[in-house]
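Here the chain labels run A, B, C, D, E and F in written order, and each chain numbers its own residues starting at 1.
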Amino acid sequence: MGEPPSRYRFILIQAFQLPAGSPYRHRSTEGPKERQLQNHEQVAPFLADVQWDLHPGALTTYGDWQVENREEFACAAAGRLPIVREACRSGKYNGIVLLGGGEPGFHEAREIARPYNIPVTACAHSQMHVAAMLGNRFSVIDMAENHSSYYGNLIVQHRFERRCASIRNLQLPHPRPPHADPHLAEQKQQALRGERSEMLEAALIEAVAAIEEDGAEVITFGCSATFWMQPFLERRLADLGWEVPVLEGYRCAIGLAKLMVDMGLSASALAYPGDRPRRWRRKKLV
Amino acid sequence: MGEPPSRYRFILIQAFQLPAGSPYRHRSTEGPKERQLQNHEQVAPFLADVQWDLHPGALTTYGDWQVENREEFACAAAGRLPIVREACRSGKYNGIVLLGGGEPGFHEAREIARPYNIPVTACAHSQMHVAAMLGNRFSVIDMAENHSSYYGNLIVQHRFERRCASIRNLQLPHPRPPHADPHLAEQKQQALRGERSEMLEAALIEAVAAIEEDGAEVITFGCSATFWMQPFLERRLADLGWEVPVLEGYRCAIGLAKLMVDMGLSASALAYPGDRPRRWRRKKLV
Amino acid sequence: MGEPPSRYRFILIQAFQLPAGSPYRHRSTEGPKERQLQNHEQVAPFLADVQWDLHPGALTTYGDWQVENREEFACAAAGRLPIVREACRSGKYNGIVLLGGGEPGFHEAREIARPYNIPVTACAHSQMHVAAMLGNRFSVIDMAENHSSYYGNLIVQHRFERRCASIRNLQLPHPRPPHADPHLAEQKQQALRGERSEMLEAALIEAVAAIEEDGAEVITFGCSATFWMQPFLERRLADLGWEVPVLEGYRCAIGLAKLMVDMGLSASALAYPGDRPRRWRRKKLV
Amino acid sequence: MGEPPSRYRFILIQAFQLPAGSPYRHRSTEGPKERQLQNHEQVAPFLADVQWDLHPGALTTYGDWQVENREEFACAAAGRLPIVREACRSGKYNGIVLLGGGEPGFHEAREIARPYNIPVTACAHSQMHVAAMLGNRFSVIDMAENHSSYYGNLIVQHRFERRCASIRNLQLPHPRPPHADPHLAEQKQQALRGERSEMLEAALIEAVAAIEEDGAEVITFGCSATFWMQPFLERRLADLGWEVPVLEGYRCAIGLAKLMVDMGLSASALAYPGDRPRRWRRKKLV
Amino acid sequence: MGEPPSRYRFILIQAFQLPAGSPYRHRSTEGPKERQLQNHEQVAPFLADVQWDLHPGALTTYGDWQVENREEFACAAAGRLPIVREACRSGKYNGIVLLGGGEPGFHEAREIARPYNIPVTACAHSQMHVAAMLGNRFSVIDMAENHSSYYGNLIVQHRFERRCASIRNLQLPHPRPPHADPHLAEQKQQALRGERSEMLEAALIEAVAAIEEDGAEVITFGCSATFWMQPFLERRLADLGWEVPVLEGYRCAIGLAKLMVDMGLSASALAYPGDRPRRWRRKKLV
Amino acid sequence: MGEPPSRYRFILIQAFQLPAGSPYRHRSTEGPKERQLQNHEQVAPFLADVQWDLHPGALTTYGDWQVENREEFACAAAGRLPIVREACRSGKYNGIVLLGGGEPGFHEAREIARPYNIPVTACAHSQMHVAAMLGNRFSVIDMAENHSSYYGNLIVQHRFERRCASIRNLQLPHPRPPHADPHLAEQKQQALRGERSEMLEAALIEAVAAIEEDGAEVITFGCSATFWMQPFLERRLADLGWEVPVLEGYRCAIGLAKLMVDMGLSASALAYPGDRPRRWRRKKLV
């Protein structure tokens, strides 16, 4: 490529790919990578000094609609791992950014990439860590009961149970058979056109409740279909007088990946051991 | 079948199935189900009043060796879900018991089976719950650093972090390429022949350390390849004067499945919601 | 007896017995055991395969009204222990089920019965453990401030503080001198007659609040005088669209007792040591 | 009495009283109160400004040996409550100090005394609170496995689980049938005579281990039969270079009772509600 | 002085002193100590048996208004330490009471005073410890967002996170340039005159919310400018039927100082070690 | 300056400055900034793309030796705040990095800088956050009991209590009157010369103990005088077979400052509110 060499050589891997003929397709998998990357106009400044490729993700195996519940996340997780392994083996990248709010395959990807000393970051983990640097508790704005339930598991797994004020659910699920709901991406278009977005209005109500009732000091997002609201919601909250950071996953995950590359870190081999480690522990504390 | 009708109609699903030609195969997938079920001679009394089928599990997709690390567990999880769904749809079962110590696919299987009101139990979750009924803290005897690291995640996820005294790792991993270690199943045969089993001796040392140093009041097992030690270890500890319950996963998982069937319970729809629940919550606490 | 031999030989022990002449008596202590067992019509299926005796409990020593506050529970606890000891010594039983919502004498009874390897189960402990298998948090519907305060101590003691969403108090206390309130058992009769039960309506309101505000994913009951509501409340919640398990103590305690018998377990001797154990620990962790 | 009027009018209530003919009697119940009060020579300065009575405690009901296990504590708890009630009703006292390391009946006594606004203090609760003012973690020196197991429950109940470094058990149990062990009070006499006390030497070893290994920053005692060691152990630790506070129950309980009287406090009516409180809460958090 | 000798020889040290010409001065630094001590009429009975001096505190270095935010507390902390050191060296005192709700310099003062075995108590720490003796959870009534945010840090630092139900903020900040708000001390004068105090009315609303919604069983105060409300608020709550202890800092801090003197305690040298301790630990647990 | 414009314009502020004539001076405050910055040769790559100034810190007020105990940290905190304020006002910087292991004034500096939206990072906070991204638990290698005790408070304050495996103390304190110990900087020179460093050898022993006994999966450092060991210790651990990340404060603090600048973040105004915020909360949760 004609781009100048960068210290950051990242691959961004979509959480999954819907088959070409799916009526539920929510993004293009053709054309330049910029067009395929959700909210690229927001994320672009964060990628300006990054040499990046975009992988469209593995084709879904459970059906042709978007990932939302636990089963679908498990399939997406297994599907993404060969892509991660291939990326590591290719020698082309020094950082892997897993796209998708529910970060399917995150732990497994870190396990695969750790021996290569390639950091892997993902949207839930990164948001939680950045949020914890900024305030005492964070809340999560999410879009469906099944997704929120799954997302709660991530919070527990990442040990942020005490730092999570609440998950606030808008219950605006993805379309799936037999439900012909509108794509959530429509909401963003409405907001961009200056129209009223039901999703944004609901998010504002929930964010204020999270601040006033649940003790949230930082707002984050769950499903990546809600990430577009980050600047809109931050501004709306500021208009109300709430100076509260609002985070979304892509920027956080890219940011942490850069931090890891800068510091030469990926993960502890004691947390993600290889199959036959030179040293092992008789006792592991949880 | 000629069996009398039972109140319990269970399907036991293996965690995975190695291809027929694999040099790492550790159990038969042919012959009567009793022969295919690990430690059947120990488990048989628990199945005496159960009408049960055994599913050999999905073929592994990552290779032809046993599941041990996070990546392998993720593949096994995704592979097992269609079997769970089919079992639910068949109408033949009122309980699903997931075999395998690391319970791949457990949360997802509960999500799938909940709308059928079919309980799903698994070996790690069940051992932890039974252990918590018996004493303040439990320790886990496990067999490899990578497996223990993964298993630690399960403990956190099931919210038993405060009840887990330690994971004690024997570091006797499964054979995998290019390592031609002996099958762990050999250890059991040695013990049955009255010979010295390195695994059992190491487990005894770690169990005593767990009791004396870590505060364990119940001993459990991690990988199902260690389950065979349950009666041996309990007796050896008793010989030393330690009257401590030693649990293993199959009996616990079958026991909890019976309990759930008896009580007509499977899981809360608030913890494992359907895709379009009639009611949903604005606020979820983690 | 003419009953067929059962694998379960249980004694159910009432929490206490009011003197024959008490105006506060809430159940018969005469006639067949079935008549003496509260909500027998609901519990009967759970006892169908059990060979069971019912002990009417020790006579109250503090007065002739029902147990409700801490002092009364302490008296009931001490009163029940000789019955437990006698039941163990008799050799007639392989399980002891302590009736009564506040489980007076539970820890002591386990200590007494453990050397006989006889499991003891009780209503609060059992509900909490079953609830924890089904969802992340449970709430407790209870009937009086003094009882709830005592019950909170049980939750802490059983280490379910983090899993308890709330205790929801209906403040419908037992009659006690000089208060001539109606017996709570009246409420059940009203419901059975298809009339409006103040208790049930209040419980429904609190259960919904527990779900929507407190994060409850399972509903349990505190005082055994509320147990009758289990099927009614579950149905009412379902009618509102909330698919949430509602538990009560008798079924849970019987269920766990069967589980323990099936598995040959009672309690860890490290949690409930004998007076002169063969082995003891220099260090105990809390 | 000829004593000058004091601001503190306390009743000290023994945990229990052994029958006169018991071979296990460990203290006189005759003669002046000073002779009946264990370690009076140590405690006297703390009582110098207190007008105090000593109640010998209720006769044991389970046998004629000392309280040590859970069952025995439950009997002692029930036995002590009428004494507490009578003390409250008498109008003679403005503070109640429950003697005995395991504080049988403490919660119940607070419930009884709260409407009189009479504070009740006890040895475990008081030691834990004073210890928490002095350092991050405390350890408990205790004398038998059964007692330590019971004592662990107190620590959890008082919500000091995170502040307790360990219970260190010397396993020097009380004599009880059929075990004719020497009275533990002998140990104190040996120390006073300048002889070697096995108990004190063992306590020193465990206290050092608690400091060096468990993270203890304050040392406390469990069973009141170990309280005599307080000044001896503190000095021995200081001789080794460890400047660590060593607490015992009597002084702590008397101290907190004075504090409560000074401040006009007893307990919150929300934690120890009356039977028919004017106000009650719909929601109680644990 | 002509006072009789007392067992308690205390120095009370103000948190800071505003310069003489400050328009923000909220108390006199002239005249008898009684006039300089805020709410002396309430505190006097607690000092009746104490021989006490009052130090007016160090002059503020950041400006001439009252301490409210973190920066101002840090300056006050550093300013108070030489006074503490001088008080220790003087040999005149056996207890140091740090006035001021936010207890600037508390940990450092304990470190300084510990080798002299002089206890140091302060208003936040003391209230939390006394509150924890009385009920399960306490709430804090505080007067400004910046102060509450700082105060939250104190609660975490003192490890009462789990015992704190909430901080309830009235948002009635101190005057500071350029804001010419009335002094909060005006509020007390209004209440004393029998007039309506906005602060007291707001505190009542928040205290009731703390009890009914947050689970508070004890009410405490944050900034010392709110301490005057203690008897008023307790009475108003009682009038509503809530029998809940209301604490304030001065009485709690004086009370704990007396307790420490009575017991001969100051702090653990393991928590507040000297610069070259005779013994040190390889391992410290947090 | 001739440097190219950078996206990062940082001021690095020393924790304190010893007076010129102090015999305890451990670094030059003259010459180029590179010479004044401890371990510059290690840190240089992290500053390569940063336009940075170095502030020598405020002169110590408590004496002329290095900061080590709580009192000294409090003085250093107050001393550093005017420098922070001036740096914010100058408009020259978009990030502030507080040097010094114990991060005196960190919370206060964030409060000051937040309205300018300038991030402030510090060595303890940054290490803990980076460590938490890499593994489950971290240990801290520290150099003196008084410092470790203070450092423990930081860990609690930053809410990493559950993630901290241990603080391992080498007890190699700074020289201070009247103790003429060698400067710790000597240790680094020894290591650079290929000689044996007592400090490094002790750190290796403690790091291994932290891994094997305490459950550490990441190693961090406490006092900045130990930071030089980072590459040495990591290599020595790797030589032993332990693949464990070893962090130190400067690189972590610079790294997090870059991350914050990249993301446009500083801190939540709800965690660090201004003095008169537009919006405030009635209820704050801790």
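Just so we're on the same page, contacts are C-beta pairs under 8 Å (C-beta built on N, C-alpha and C of every residue); 3 or more make two chains touch, one makes a residue touch a chain.
What you are looking at is a predicted structure, and each value in this text was computed from that prediction instead of being measured.
Counting hops only between chains that touch, chain C reaches chain F in a minimum of 3.
Touching chain A and chain E at once are the following chains: F.
Seen from the Cα centre of chain E, the chain whose own Cα centre is farthest off is B. Computed centre separation for the pair chain C/chain D is 31 angstrom, with centres defined by C-alpha atoms. The distance from the centre of chain B to the centre of chain F, with each centre set as the mean of the Cα atoms, comes to 45 Å. Contact of a single residue of chain E with at least two other chains is seen at positions 136, 152, 159, 214, 270-271, 277, 281-286. Chain contact topology: the protein chains form a single closed ring, every chain touching exactly two others. The touching residues of chain F, counted against chain A in their complex, run 46, 125, 129-130, 132-137, 159, 162-163, 165, 211-218, 240-245, 251-252, 255-256, 258-260, 262-263, 265-271, 277-279, 281-286.
Of all residues in chain E, only 61, 68-71, 73-75, 77-79, 81, 105, 107-108, 111-112, 144-146, 148-149, 152-153, 155-157, 159, 161, 164, 166-169, 171, 173, 176, 179, 206, 209, 214, 270-277, 280-286 touch chain F in the complex they form.
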